[in-house]
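For reference, chains read A, B, C, D, E and F in written order, and residue numbers begin at 1 within each chain.
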């Protein structure tokens, strides 16, 4: 079975359920190991930075969370497109399941960033472009979830949230540029570039990678588990309607 | 326990907040998953039984 | 003008299957009266025929652009006068004839400058019915058209429908009362969807786990 | 329980006199059916009896606190369920009996947890009618109560009214169709206000200049 | 009366009911202000108390037209007027429900949102206190305005215009409490005045509101 | 399409139709601001362009829920969807009517109201220009949000929440034009960006809007 046929077979709810039944526990265990490993390593066994002192330890939370916040939205975008084009229900439900995970990641990035900002920039909140665009992303997530919650009919909800996700993505990118234009900020640029010279020192780098892996795995595990729940809830919805009619 | 210096409060708060949020998320996911699963089983039971 | 053809239609509302296996044909010049107890799905069926909600299965011809739908809520603006409301719809459907004809037909001429919000229930209903004649479309779908109408207005309505049919039009009417129209009746109760047969929803078909 | 007494009543709507010289009496246990063509003033008369608009002249007894009004719009909240809607009104009128009785009476029990916005036209109408029984008031005023109801529901409604009358209640009903109730009819056409006689407005009585 | 209050709360909390509408609007204002006037703390700080109070006031203003209009549209107001409860009680219950669903969430959220606008520290506390003392007056005045305009189809515009001048004293005292608090001065005098305004409204306005309702029902 | 546009204009201008609602709200904001943040020119001047833009944005936001909801309630939207006009055309006509009844009056009134907020001179002109270039985008985005929420009973809260982040780029560029104008810098770059946003919205959003409407009508 080629990759592409096995991928699309996930679109069948029953297939999806049986294929992921095993994956979720495995992913969860892996996520737990990487997360605990990365965070313990970062928190207990790395030195303080010469400028930032112990606050550098926040990086193991902040950066992976920020990463997954953005990737969560990307995943929703792709899943929405699949739903709109190929009408695979599982895809729409996966997008729905990704939203709460993504919003939590965004919130973690915002909170850890704010807490980091107090010692570094002397303020909890500054209208820095990156911070600001994260706040906007947070609002997008909220709106997206609220729209899902507000509509009774699941297929209507899937359609409307997908359209919102598409239009929202365009505007999210637009906001990013607008915000940059509006205010040159305090936040540092990407420090995980391929150019080794500019990377953070290795002592911080390795635990950071491990913790990132943990966040990614955790994200996957949660989204898959959430999708399974959404599928069951969708089936439950269908059955309840039958009962109501009978 | 490493010495966090003058930023102990900030770093501690960041870790605590993150862990709480993550655990809540995991908890809600599991709780809702169980609840929906039980409700679905009940509904399927009513349908077939 | 082609007939209204409904073939093996299945109708649902809010995800609940209501009707299925529904087939009928209304030829030009004919009318069909739908009956059935409250909640059987008359309104849902008419909405499906009008193209406002997709059928769960089956086919409807012709398409929505040949069909005029007269629903319960009539789409008349409370702050516009009777004439302004009708002129808007006439213009939208590109009708040149003017609204005088329908104003006469439904005895609305004395009320032409009255704002819709100041009409009595029956007057307002007449306004909603008058719109049908302005669409210029051959198939009329009417949902409980004579609600609130007095006997004289019911007669006026029946004559309007008859004129429409005489001109080669078609009409499908849902009602609980006598409309004063000679037309075949179709009782929807016999097409009630079996609860177990749920079409068009993958999640209703097989257990997920 | 005292009778509903209307003495020499004059009714207007939006400043236009509609009815005048209207007198009637409905004794406990009796009903009265109001008829008259669209726009004659049935709705306006019922609103006046219910104390929602002041009479231009004449008297109505008893006062509004003995009267329950069932208007076209039924005051049911779309986002609350059938049971929640009814419980609210039952509670407001201090009724202890619970809503099970009326749920049975109007066959609403299967719909009790459905939000009002997801009811069909006739189901919603039944919900509105069910409220009347929860007011505990002797005089029921009903404006076209059987609109959208199927034959079975009309029968259910008629029985509910008869039960209310048998308990010493009174009812005044405006309608264009047969309600299945044996009750005297009052044709309002004979009480139509003469256009020149405008009572109750000093500016209408003599030239100002 | 309690029943009406509870029903209104429930309706408010239901999806689309308007609970959180005011709060969301408030949040929107606070988030948008920096985009409008610029991100610098030196610019934001001094205007923060005023902006927050204006945001709260607008949030109240916007949710006013639901106080009676929904019940009017579906006929429930007619039924309430003929139900065995005094119309003053209905007015008070509705104002109270409006406050719980709009004013109270604002009071709780305001200090947190103030951080975004760089409000200097002790200001947070005083902002919350001033809102707590002032928003009941906003709800009561608003219910009065809503009763005046309930008969008009979508009287929203008129409602705002009528209510606006009535809101001015509350706004002046309220913003003054918050500003003085933020600048480290004693805010007790305007706070006392603010409380007096609220209590006065509570004593008088339910009667005016029910009178207006009665006229509009005719 | 023109017909829908004209009907909407007429409905807007009729009593209670909402014409002037936005304008009045704008006026209210401008009048309340000095009460809230204090009357000194030194305080008001620098924040004036931002406040005016935010006021305009809120005024747009508030009138959005009428764009489709009224037509939905009385069944007119069903009829329009089956009428011989493309749904994209309906969406565009409605956004245009919204702009004429809300955005345009704001553009015209803003320079006059700016005087109340002590905006320095050349700022008036640029404020008007920036509103003229930016408010069409606000109307188009708003119509999209309104189409998403039209099926929901009183989806006002959700509508604001959905539309808010979409408004951010427009607000940033718009307020920047006005601010640079007031400070005597060249506002051409943000003005060009603002125009680009509006044109982009015009090109894309009517399609998204009609797609959302179609889904909601089912």
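Throughout what follows, contacts are C-beta pairs under 8 Å (C-beta built on N, C-alpha and C of every residue); 3 or more make two chains touch, one makes a residue touch a chain.
None of the values given here were measured: they were computed from a predicted structure.
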Set of chains whose contacts include both chain E and chain C: A, D, F
Reference chain B; chain at largest CA-centroid distance: D
Greatest separation from chain A - chain, by CA centre: D
Comparison of A-E and A-F by number of C-beta pairs in contact, larger one: A-F
Approximate Å spacing (C-alpha centroids) for the pair chain C, chain F: 37
Averaged-CA centre spacing for the pair chain B and chain A, given as whole angstrom: 15
Euclidean distance of C-alpha centroids - chain B vs chain C, Å: 52
In chain D, residues with contacts to at least two other chains: 72, 78-79
Multi-chain contact sites of chain B, meaning residues that touch two or more partners: 40, 44
Multi-chain contact residues (two or more partners), chain F: 15-17, 152-153, 155, 158, 161, 164, 168, 172, 218
For the chain A and chain B complex, residues of the former touching the latter: 39, 43-44, 48, 53-55, 57-58, 61-62, 65, 100-101, 104, 107-108, 111-112, 115-116, 118-119, 218, 222, 225-226, 228-229, 232-233, 235-236, 239-240, 242-243
Residues on chain F engaged by chain A in the complex (per definition of touch): 144, 148-149, 151-152, 155, 158, 161-162, 164-166, 168-169, 172-173, 176, 190, 193, 197, 204-205, 208, 211-212, 215-216, 218
Chain F contact footprint on chain A (complex, rising order): 136, 139-140, 142-143, 146-147, 150-151, 156, 159-160, 163-164, 166-168, 170-172, 174-175, 177-179, 181-182
Chain B to chain A touching residues, read off their complex: 1-8, 10-11, 13-15, 17-18, 21-22, 24-26, 28-30, 32-33, 36-37, 39-40, 43-44, 46-47
List of chain E residues in touch with chain D within their complex: 3-4, 7, 10-11, 14-17, 71, 73-85, 217-218
